[in-house]
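First the structure, in the form of structure tokens, and then the observations on it.
Lettered A, B, C and D in written order, each chain numbered from 1.
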Amino acid sequence: MALGKKRYRAVVLGATGVVGQKIVQLLMRHPWFDTVALCASGAREGRPYREAVGAPSAAWTACEAPDLPLRAAEPAGVEADVVFSALETAAAAAVEPRFREAGFPVVSNASALRMDPEVPLVVPEINPGHLRLADSQRHRHGGFVAANPNCSTIGLCLALEPIRRAFGLRRVWVTTLQAASGAGYPGVASLDLVDNVLPFIRGEEEKLESEPLKIFGALEDGGIRPAAWKVRARCNRVPVRDGHLLCVEVETLRPLSEEAARKALEAWRSPLGNLGLPSAPERPVLFRPEENRPQPVLDRDAAGGMAVTVGRLRVRGPRSLAFTALVHNTVRGAAGGTLLLAELLAATGRLGGRAGSSGRGGVQRGIRNSSSVRSAP
Amino acid sequence: MALGKKRYRAVVLGATGVVGQKIVQLLMRHPWFDTVALCASGAREGRPYREAVGAPSAAWTACEAPDLPLRAAEPAGVEADVVFSALETAAAAAVEPRFREAGFPVVSNASALRMDPEVPLVVPEINPGHLRLADSQRHRHGGFVAANPNCSTIGLCLALEPIRRAFGLRRVWVTTLQAASGAGYPGVASLDLVDNVLPFIRGEEEKLESEPLKIFGALEDGGIRPAAWKVRARCNRVPVRDGHLLCVEVETLRPLSEEAARKALEAWRSPLGNLGLPSAPERPVLFRPEENRPQPVLDRDAAGGMAVTVGRLRVRGPRSLAFTALVHNTVRGAAGGTLLLAELLAATGRLGGRAGSSGRGGVQRGIRNSSSVRSAP
Amino acid sequence: MALGKKRYRAVVLGATGVVGQKIVQLLMRHPWFDTVALCASGAREGRPYREAVGAPSAAWTACEAPDLPLRAAEPAGVEADVVFSALETAAAAAVEPRFREAGFPVVSNASALRMDPEVPLVVPEINPGHLRLADSQRHRHGGFVAANPNCSTIGLCLALEPIRRAFGLRRVWVTTLQAASGAGYPGVASLDLVDNVLPFIRGEEEKLESEPLKIFGALEDGGIRPAAWKVRARCNRVPVRDGHLLCVEVETLRPLSEEAARKALEAWRSPLGNLGLPSAPERPVLFRPEENRPQPVLDRDAAGGMAVTVGRLRVRGPRSLAFTALVHNTVRGAAGGTLLLAELLAATGRLGGRAGSSGRGGVQRGIRNSSSVRSAP
Amino acid sequence: MALGKKRYRAVVLGATGVVGQKIVQLLMRHPWFDTVALCASGAREGRPYREAVGAPSAAWTACEAPDLPLRAAEPAGVEADVVFSALETAAAAAVEPRFREAGFPVVSNASALRMDPEVPLVVPEINPGHLRLADSQRHRHGGFVAANPNCSTIGLCLALEPIRRAFGLRRVWVTTLQAASGAGYPGVASLDLVDNVLPFIRGEEEKLESEPLKIFGALEDGGIRPAAWKVRARCNRVPVRDGHLLCVEVETLRPLSEEAARKALEAWRSPLGNLGLPSAPERPVLFRPEENRPQPVLDRDAAGGMAVTVGRLRVRGPRSLAFTALVHNTVRGAAGGTLLLAELLAATGRLGGRAGSSGRGGVQRGIRNSSSVRSAP
């Protein structure tokens, strides 16, 4: 397959935020993408990127950052094959459509357009078929926006996918213990997290209760029919740097045992296996049998931060399963997830790029039976 | 009422642990109890208590501790009206029955005998009528053991009580974010709680799933018929010193609105109001309307640590209520709860003591209609 | 003495910040002061104070806050006997002189005017005689500004005072481990303090190296001649809510032993003893002999947060003493220190107030031999 | 040079502790060493190592650990070229001499024998020439012990070395902010480090005040004459997982400017450069110009945790320099430092091993002019 030989020019919007910086870092070592421009929505145009992120207390080593000037987040004059957006919600709502109208593929980590009926909201291992919405968008707008889900949503959906495939889902309760980095920088005040927990994260429960239903929804008549089950979420912020912990209780459609649930989790492999996506873990879900795992410090970096770790399985009724999952919120849940989505777009021929395409159809066939299962509950 | 004039001689078993020290501290300023002996289960007999708790890193100011020698935890030679037990489980299982056989009333914070059918497991504002089990025990053993529930259980039950009274309970899901002090000292290693969360606390989920059903059970034929509803619990340890946070989802028997739930929480008053118990808060449950409360640092000391704070109400179905509650685990959940139970035993004439009793019957009447509601679900 | 009968009308500038809120809290229970107005430098004029401080994540229970509208920080229309300033530096530099020109006594926690030659910088137990500068100011400006020192400075100076009196000072090295609350709210980002230490606090080392020399300076010719010794400081921020820890190494003028140093620390009593100041601790410095004290959680609230705790004495040369000190930075180091200074101003007849004064001269005599020692090194 | 072709059989004593586990991890990927036996001093003989370190809360992924049974820490039956010791002090004092008498080279991280006149205490970049003491030991005992210094000592000495070379040292004051992992596991209780700092670490100040003088001492008449300058240390434990921060004040022999100090720090290169030691960083000291560096989370992993980061330079007198340094305490300060010392022993022909030696003399010459400067102050 000739994929590896293609190169894609990448632009990053919101490049100075926590997620934006992480995307830039990941792009620097990426085999497919070349960073050609970095944009910030503020008035820092022209300032060297290195200096903008080398400010006191930034979690970035300035001298390693790319030597590019910051640009305004405007499509005029931009030449690129893909635009990554790590903008904040309000800026994203205004800016992303402008890049779409200018013909760019926009891969966004922002929440602004996630629930827009035109926009595919994609966890590549779960609903790659939803990217057909990107094709319809391109038809209407010239470019398209494809959205990476909320960080907790991604962890929840990946942990649920093997359970859903094996037993079906009816109801999901999730209580989160989320890391500080999820709020960006400066984000949460230290006085709110030293010897304390915040029992509220604005907008987070709503996202966790709606996004999974779109992701697990069925592609029908050019739109998504949401999954029929329900999610109820409660979100907390805890004094942890990285790694969202999710305590999940599931009511399944079909009966299950702890042993069967464990086997389902251990057996599941990425359906993207044949595509050779650089960021795709072979096993998106890792099961750990120890009674005290997953833990943020021990498990967040599993598979380079791209795998979700699941443990503490407990079956307490014929259709009732409890488990605890951990997702690295700024890697799999944000920057890494966004990159993986861009890789999937590239591998399915949706990005353009500067060398011969391998053709979308062939690649699409590489995704094992994924589109056929999307309409299951 | 002459209650205030009575004095009770108190002994503390396990006086050097985190909860034991807290009980000793509370007893020092207590208007009813005089500490006459302090016992530790280890081989520290004869050592001055001050020195035993003044060890490096103890959370106690040694020079303020009582000037008493440590004794072995044995009934021989003990003269007291009440024995407080803060022993660890194994020691409690061995030692508490010996004090009971020697004729002492034992008020225990240990988990060893909580689910013993003979032993009342009491949250004074919820099931004071269960103390009749203490009377039957005394008949059989000479003395009795009355048990204070698990720290998270107490917080959960107090928060549930107004909801139960107003709407009935069918199912309860609870995810906890528990403080480090709940594991005693030295307890949890700092390497497990700096930048981390532990997703497991041994035995804790089992306690949270069984104890509430006994507390809310009905006194029948000299025993307790457990409540018919179910609790499902998931317990985590977070980097907080004191204060267990409980994220609760409740399925009620009768329909409710957020407004009705709020009113039920705000209207509930302690049924112990007439008894003049020094440690009893007038309002055992405090409702806070702010979207980001309760928080451990801001709310754990409400009513001297004896009240449970409830917030983040959310109704998501006709019989579905979510809320977040906070309980000070070493005060209301342990030392303070144990003392309050002893006060209730004193006020109902079950402790002896050194001055004229006011008679149990009269005091029992002071508990507003509490026994009549105990068998409701 | 009739002091207790006098009442003083108090205004608080910067009332919504961390220190401002603490001042308001302390004033609410204060026997001498009545809060008549609360001001904020921002554009929140007219907004109820309760609401302004009840914002999400504020460390204040809104319903307990005074029911007063916020005012602009301007002297016009203000009627008060004393003005407390908890403004930030820039605002203080602009606003405090305006109140002074309008005839008010301003007691300031801001750093803006601390090193101004006209302004007394006072730790009441150390250099009360410097308040004569306030009298000269009043002569020139109508009112005056008296400044409370930096929070770390206060802890350092109080810990040094008994050593200075007994052995004289030649050089002082201090490394600080400062709490998050010292940076206000939101202040330090949690990502900077979870699993981390910040090795830098802007402007702090400069304050610690200059303010003590003014405080220990001699009043000469209507100004202060700074003390002749040197301070070298290094300041760090650590993940602690409240309580600055100071690791101090002192070179003294006269030889000392560990025993002699300990005796000097234990023997020192507040020279303000006769004045009956409500916030003055009898022993401003508490010595602890345990090898692992002082600790922030165990010692910051000593004497209601108004005493400095000193421990870990070590003499390593004839004139070389090491010790560790702890000061509650928002109480003794800020709000409480500012109040104590106001009490001293009141007790020395410098505030006006609404009932018969007891006369300054008599009170001044109540300060034991403090002015006579001020010019010693 | 044929060094890379030689293989050394390694045994680890104390393999289940925090440092022992880290040594085992580093050995697994090491190009020179093969782990042939793992020993623990407790009664766990025969138990699989994987299981011993897979216990709840261990910071190790059990399934990645070597599949070896634990052995008693006894020389009988051991066949190895090098013995690594991560034993606790008392065990090390008893066990290490037994391995030495049995003819083994012991590379120890324990403090037991560090100050023993026979034992070289070595920071490879600073005093490799002291390894001649190992040769004398071997002559007397058959084997030898070579000691890795205390974790803070290593950080301090490496940061001082470029300053010492350029300006000479007269006095050193150091205040440490040390990470929790320095105390092992379980180590420090979380109740001592949540919202707290411990102002005391047993034995640590003594080590920091004595070890550097031996390291910088001169090899004379078969022993070490300690350096003539003085160190004064104050040690604190802070809520950080890894990375000891050192606030250092130095009085130099010769005058210096901030610029000259910076140049000295930036110019220094490892004198081990020619030896090809796998763990040796090219630049053992990294200078950072930002005002708020070094920080534990940002700098502890510099050069794989083997480099010390120095920042916050400040010159406040002609011979007075302040700086802040950071060392990864379990890597450079313990496991990594111990491995580097073993590599140096191997490269200088002191370990035996299973292929042709490259000869000690030739390698010794590879160390740039290091032995000739050892006797300078």
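Assume contacts are C-beta pairs under 8 Å (C-beta built on N, C-alpha and C of every residue); 3 or more make two chains touch, one makes a residue touch a chain.
What you see is a predicted model, and the numbers here were worked out from it, not measured in a lab.
S.K.: Could you let me know which interface, C-D or B-C, is made of more C-beta pairs in contact?
M.R.: Spelling it out, more C-beta pairs touch across C-D than across the other pair.
S.K.: Let me spell it out: compute each chain's centre from its C-alpha atoms, then which one is farthest from chain A's centre?
M.R.: Centre of mass proxy via C-alpha means gives C as farthest from chain A.
S.K.: In angstrom, rounded to a whole number, how far apart do the mean CA points of chain B and chain D lie?
M.R.: Distance between chain centres, rounded to whole Å: 50 Å.
S.K.: Compute the distance, rounded to whole Å, between the mean C-alpha positions of chain C and chain D.
M.R.: 44
S.K.: Distance between chain B and chain C based on Cα centroids, please, to the nearest Å.
M.R.: About 42 Å, centre to centre.
S.K.: Can you list every residue of chain C that touches 2 or more other chains, as numbers and ranges?
M.R.: Within chain C, the residues that touch at least two other chains are 56-57, 59, 192, 194-195, 198, 200, 239-241, 291-292, 297-298.
S.K.: Using the touch definition from the top, list the residues of chain A that touch chain B in their complex.
M.R.: Touching chain B from chain A are residues 173, 175, 177, 192, 195-200, 232, 234, 236, 238-241, 245, 247, 249, 291-298, 311-312, 316, 320, 322, 324.
S.K.: How about chain C: which of its residues touch chain A in the complex?
M.R.: 56-57, 59, 180-181, 185-195, 198, 200, 239-241
S.K.: Name, in rising order, each residue of chain A that touches chain D in their complex.
M.R.: 54, 56-57, 59, 61-62, 194-195, 241, 290-292, 297-298
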